[in-house]
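First chain A sits with chain B, and in the next complex the same chain sits with chain C.
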Partner chain A sequence: MLNFLLRRRGRSRLHWTDWASYAYLLLGLLVMFGPVLWLVMSSFKTESALSQFPPTFLPYSQKTAMVAGHEQPLPLFTVKDEQGRSRELAQVRRIGIVATMVDPKQPDTEIRVGINERKPVNELKFASGNYTELFGKFAFGTYLWNSVFITVVATLITLLINSMAAFALSKYQFTGQKTVFVMIIATLMIPPTIILVPAFLVVSGMGLLNNLWGVILPAVATPTGVFLLRQYMLTIPDELLEAARMDNASEWRIYWKIVLPLAAPAMAVLAIFSFMWRWNDFLWPLIVLSKSEHFTLQLALNSFQGELNTQWHYLLAMTVITLVPITIVFTFLQKYIATGIAGAGVK
Partner chain B sequence: MSVISSALGFCFNLFEPVFRLGQKWLGGSRIGWLFVVPNLLVISVFSFLPIAVNLVYAVTGGVNLLPTERPFTGADNFSILLQCRDYTDLQTCRTDIFWRAIFNTVKFSLAQVALMLFFSLVTALVLNRKIIGRGFWRGVFFYPVLLSPVVVALIWKWLLQSQGVFNAGLVAMGSQPMEWLLDSSWAFFWVVVVSIWAHMGFYTLILLAGLQAIPRDVYEAAEMDAAKPFRVLSRITLPLLMPNLIVVLVLVMIRAVQTFDEVFVLTGGGPGSATTFIVQYIYQTGFAEQIHLYGLAAAASLMLAIGLMALTLAQLRLSKAGEAGKTRK
Partner chain C sequence: MATLQLSNIVKTFDKLTTLHGVDLSVSSGEFVVFVGPSGCGKSTLLRIISGLEPTTSGDILIDGQRVNEVSAAHRGCSMVFQSYALYPHMSVYDNMAFGLENLGVAKPGIEAKVQAAAKLLQLDALLQRKPTQLSGGQRQRVAIGRSIVREPKLFLFDEPLSNLDAELRVSMRSEIRDLHARLGATMIYVTHDQVEAMTMADKIVVLRAGRIEQTGTPLELYNRPCNRFVAGFIGSPRMNFVPVAQLPDTTPGTHTVGIRPEHAQLSEQGLLRMAVTQVEQLGSASVLRGNVGPEVPFELILNGQTSIQRGDVVNVSAPPEHMHCFDQAGVRL
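After this line comes the complex of A and B, so read on.
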């Protein structure tokens, strides 16, 4: 089987550079995916399992058992007795270096064991508690909703107004058209980081501080989007538009019913990018949204990790939920993204 | 499905009359203005207007957000940022953290550019070989590019925390665990590593596109001449890839100078000010400190803008020189 996979045209044996290439790729796989996988695995560990050192890759947690006479389930340990036989005992309490334990089958006889003579019984268990408790413990649903709302609405508006501009710039000849195009492209040179203060003033002047629209509106006119769509629409033949005009179609109808459907592939690329920009956006929302009820997932993550006693078990679960949509996009739409980047240098 | 189509229909009917009216008024191809108006409105209000207002902020002081309420202070903000008693010693500067931020940003950008170019070039070269499952491998390197900066930072924070996997490795090898992010040099090191991890795939993709655009027959000719692989790389591949390499170089530079999110979440700029970069300085001065010093933040933004402009001009020069070099051959 391996032989078949590695068989190549021309040369029969793999050159050493081929081995080196595959070694590099495997290392890349470990370095690029390893950290993410580690995070995902960790998010299924219980709080106590997370505090164990050294950490394990798989989510092990200590087995517990219900013992008659105790309300809480007790942690199980294996203990070797004098005859060298090992028994599974449940720990009732621990004082200093001595633990008081019971046999779950004989709950009445307590046994005292030094804490170095017992070993915890671990089992592989994917704890989903970190995820389910998120919704009850924090306003997690609100953060999720805010993120989804911003992403969806901003992407829709971006698609609409960028495609309108691209349509005008590719299908009409009007005075000032070139100036408009240059103006739109020139905003590429104005990264948001250099106009933070005045943009903040504009948004606050419009009363949009602590308002999701204050995050959505400033970045809906993306120069890359207009450029990408314009290049694509230039390839749509003008004869189609002329034919529609003969039939007395309005210009809006031509744009909506003819050009937009034909530009669907380019629209898809822009939609994917807009989705990623918005979902991952951080600095601008950080400035505009200061009340926690307006937080997006990214802001919530940031504020939780900054707290003194970081509750890593919740934080990990929240991080995983945040990266799921992007991972789905990546899995199914990777090809479009690659086209967008190679074609227009979009990011 | 029917919900979507009826929503689309609603949207269509909403704008149709407006454009019918516009057509009557403007007539002919001037209707194009109506299509670009929304876009123009947004960029005027949120990009061009702020640029102008930024200048006002940079030359006024006080803590008021409204430009009309701010006293004119001339070049004060700039002298507060830039003045030092002794320019060989950053401690004597009026705003030593600003200088430190510039210094850190330059150091970070240089490290980024060198390492990013190296790793993305090597990866692109490997991916361009005849390998099994190229799409999969390309995806492997590209995946982190899509992750949000906050998620990236948290992933690494989790690996680097005191009971994390790196410390487990250290202990397994018999040394003491470290507080990676509480040591200045290590924190800086990890900030560089994490940025490269997160963005390398993007530049790899650009370089890969460049490599795939190199015509095959050039290589066939080289094979005829029995050229050594290293010679093929240095005499054919790299010169033909030069335009893409320049694009990557400048993009890395421009983005490195503006680094904020990942570093802010990973280290918060610390320990001390070891990983405080220029954008974080702007954010802190203008928004995070108790007193919001908008003037200082705007002045710092202006200097950042000048730096970015210089980089862009350098790019134009470089790519022009590259073109000229190509035609001469």
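After this line comes the complex of A and C, so read on.
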């Protein structure tokens, strides 16, 4: 692993192209990964830490202390007194530009300090409450379930239908085969916005409005999927199918037992694409689903802005949770993307 | 163990006719080899017999039953492909069991048959491997095993040895021959290699451009080829063809005389004068190549070693019983 990360072109010293390569890669890493890292760190900040300016990268929160005589924990500040020594004082109240502070060890003596003379004591505090409170406050579990249901079921149906179409278009000769294929690909030229209204009318006519199936079914047959799988299946030698026919296999068995397992890399690619499209899909679910108990995570995220005057900390936490499943899927299936696309053609 | 009858098989692809009325009869238990140059239609004929290609016209009868409309799976044939066509994602066991599973045979039955076939072909240690982990010869045997396990009426082989190296080819040839002796099944074998044909066949069918040139046992084809094409195709090294002008004492009407290199002899009274251009010493035999006339090449095999060298001129003759006379059209007289 280390060997891979530290690869270089020059033998003992770094070649100038090594410097250039690493600089470029580092820049790319920062640009792509930086915002994600920022997002994750910010999701652990408390509400007040989020509204701090200048913003900090790590989630800092002001330290508090329990002082005798006060029920709530008081925020701590460092104050330089007349001798120049720093002391930690707890603030009881602040009126205007004067803060009334108290030494936690001597809670009776009140000291008046101007607000510009004190600095807050910050500590690293991960506000995991952002995450745990989510499940209690909003119907987060429902949204999560809706998203997962739609994505998983849609991916499974997409894989099934697209592979069947691709199998027919790649392994069977029939009149009109080319025409059908061209027509399927031609639908890629139609912008989805044009068919929004007709699709809506169809879905509503079928009574699938406000129903998860109304989100799943319309986009199940994807031309990209058919094209991808067909191109891959073309590389499966016809002799295998002939041998299977001689082995008394029905056409369904040939599809299910021979062609599908052999097309697994391309299927994995399609599964990843389908997962990504469905998980991040916003417009169509927004149109079809109107009751909030059917909302997906993306719709729920959207509805947070406006209704609840943007509770940023919850919003951020939910965004991070929304990112997790797709990352997991990608981690497990990503090796198939490279091998699947490159392997087409290698026997 | 089945008989096969082909009756006037014609096959047309679009406008191109690849088979022009092929008639053939194969008895039960025979090992028939289809041989011919590339593009002669032998693989097409095999695929028509198997059912993978439909015939444009003509009848195919297996065991007396007309099977034109019967699908490949139900004809009771099994095929060994040139590229083996093993299912790469299944183990050797699963490859061999696939056919039986499709027939609905019970698991213990499948196990027994696969093990028996594996033992026959010395594959028992390899049953759990995937095809990519096998050598060429092993893959070949798995492909054969897959055929055996189904106990078909007819075994079809489509150039199975052409992907193997020379040494392996020789050993696999005798293995297939042994298999035929053991199983006693009817086998149809397609090859472009006439040595394979000669060594393996009970009956050879020579094809050219979609027509059967001659059918017969290997020795029949060797001793009495019925036309010039078969004469030049069968036998290695190739038969020499000499214009009749150089050999006057032949049957009237002869246009060309064929003499096999192994039958030609050096003799003082020889009517052919050969200018030697190449001498190959194999130790046990010597091959002399040269010309007996302008643009008439000739080859001669002598037993043992020779002192003849390049540039020598020798007299060549052949015994009359080994001179094959062909008329202008190439037909044997």
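Just so it is clear, the second predicted complex is superposed on the first by the 284 of 347 C-alpha atoms of A that agree within 3 Å, B and C clash if a C-alpha of one lies under 4 Å from a C-alpha of the other, contacts with A are read in each partner's own complex, and residues count from 1 in each chain.
The criterion applied here is as follows: a residue touches a chain if its C-beta (ideal position, glycine included) is under 8 Å from a C-beta of that chain, and two chains touch if they have at least 3 such contacts.
All values reported here derive from a predicted model rather than from experimental measurement.
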Inset, instruction - State whether A:L74 touches chain B only (first), chain C only (second), both chains, or neither. - result: neither
Inset, instruction - Go through the superposed model and pick first if A:L144 touches only chain B, second if only chain C, both, or neither. - result: neither
Inset, instruction - Look at A:I287 in the shared chain and tell me whether it touches chain B only, chain C only, both, or neither; answer first, second, both or neither. - result: first
Legend entry - Residues of chain A touched, compared between chain B and chain C (which is higher): B
Inset, instruction - With the two complexes superposed on chain A, say which partner A:A221 touches: chain B (first), chain C (second), both, or neither. - result: first
Inset, instruction - Check whether A:L262 is in contact with chain B, with chain C, with both or with neither, and answer first, second, both or neither. - result: second
Legend entry - Touched partner set for A:R253, first chain B, second chain C, both or neither: both
Inset, instruction - Based on the superposed arrangement, let me know which partner A:E242 touches: chain B (first), chain C (second), both, or neither? - result: second
Inset, instruction - Return the residues of chain A at which the contacts from chain B and from chain C coincide. - result: 250, 253, 257
Inset, instruction - Can you check the complex and tell me which residues of chain A touch chain B? - result: 5-6, 8, 17-18, 21-22, 24-25, 28-29, 31-33, 35-36, 38-39, 42, 51-55, 160-162, 164-165, 167-169, 171-177, 180, 183-184, 187, 189-191, 193-202, 204, 217-221, 226, 250-253, 255-257, 276, 279-280, 282-283, 286-287, 298, 301-302, 305-306, 312, 315-316, 319, 322-323, 326-327, 329-330, 334, 337-338, 341-342, 345, 347
Legend entry - Complex interface listing, chain C residues touching chain A: 50, 52, 71-74, 77-79, 81, 83, 85-89, 98-99, 102-103, 146, 150
Legend entry - Complex contacts: residues of chain A adjacent to chain C: 237, 239-240, 242-250, 253, 257-258, 261-262
Inset, instruction - Could you pull out which chain B residues touch chain A in their complex? - result: 12, 15-16, 18-20, 23, 29-36, 38-40, 42-43, 45-54, 56-57, 65-67, 122-123, 126, 129-132, 135, 137-151, 154-159, 161, 163-165, 167-168, 171-172, 197, 201-202, 205-206, 208-209, 229, 247, 251, 258, 260-261, 264-265, 268, 279, 282-283, 286-287, 294, 297-298, 301-302, 304-305, 308-309, 312
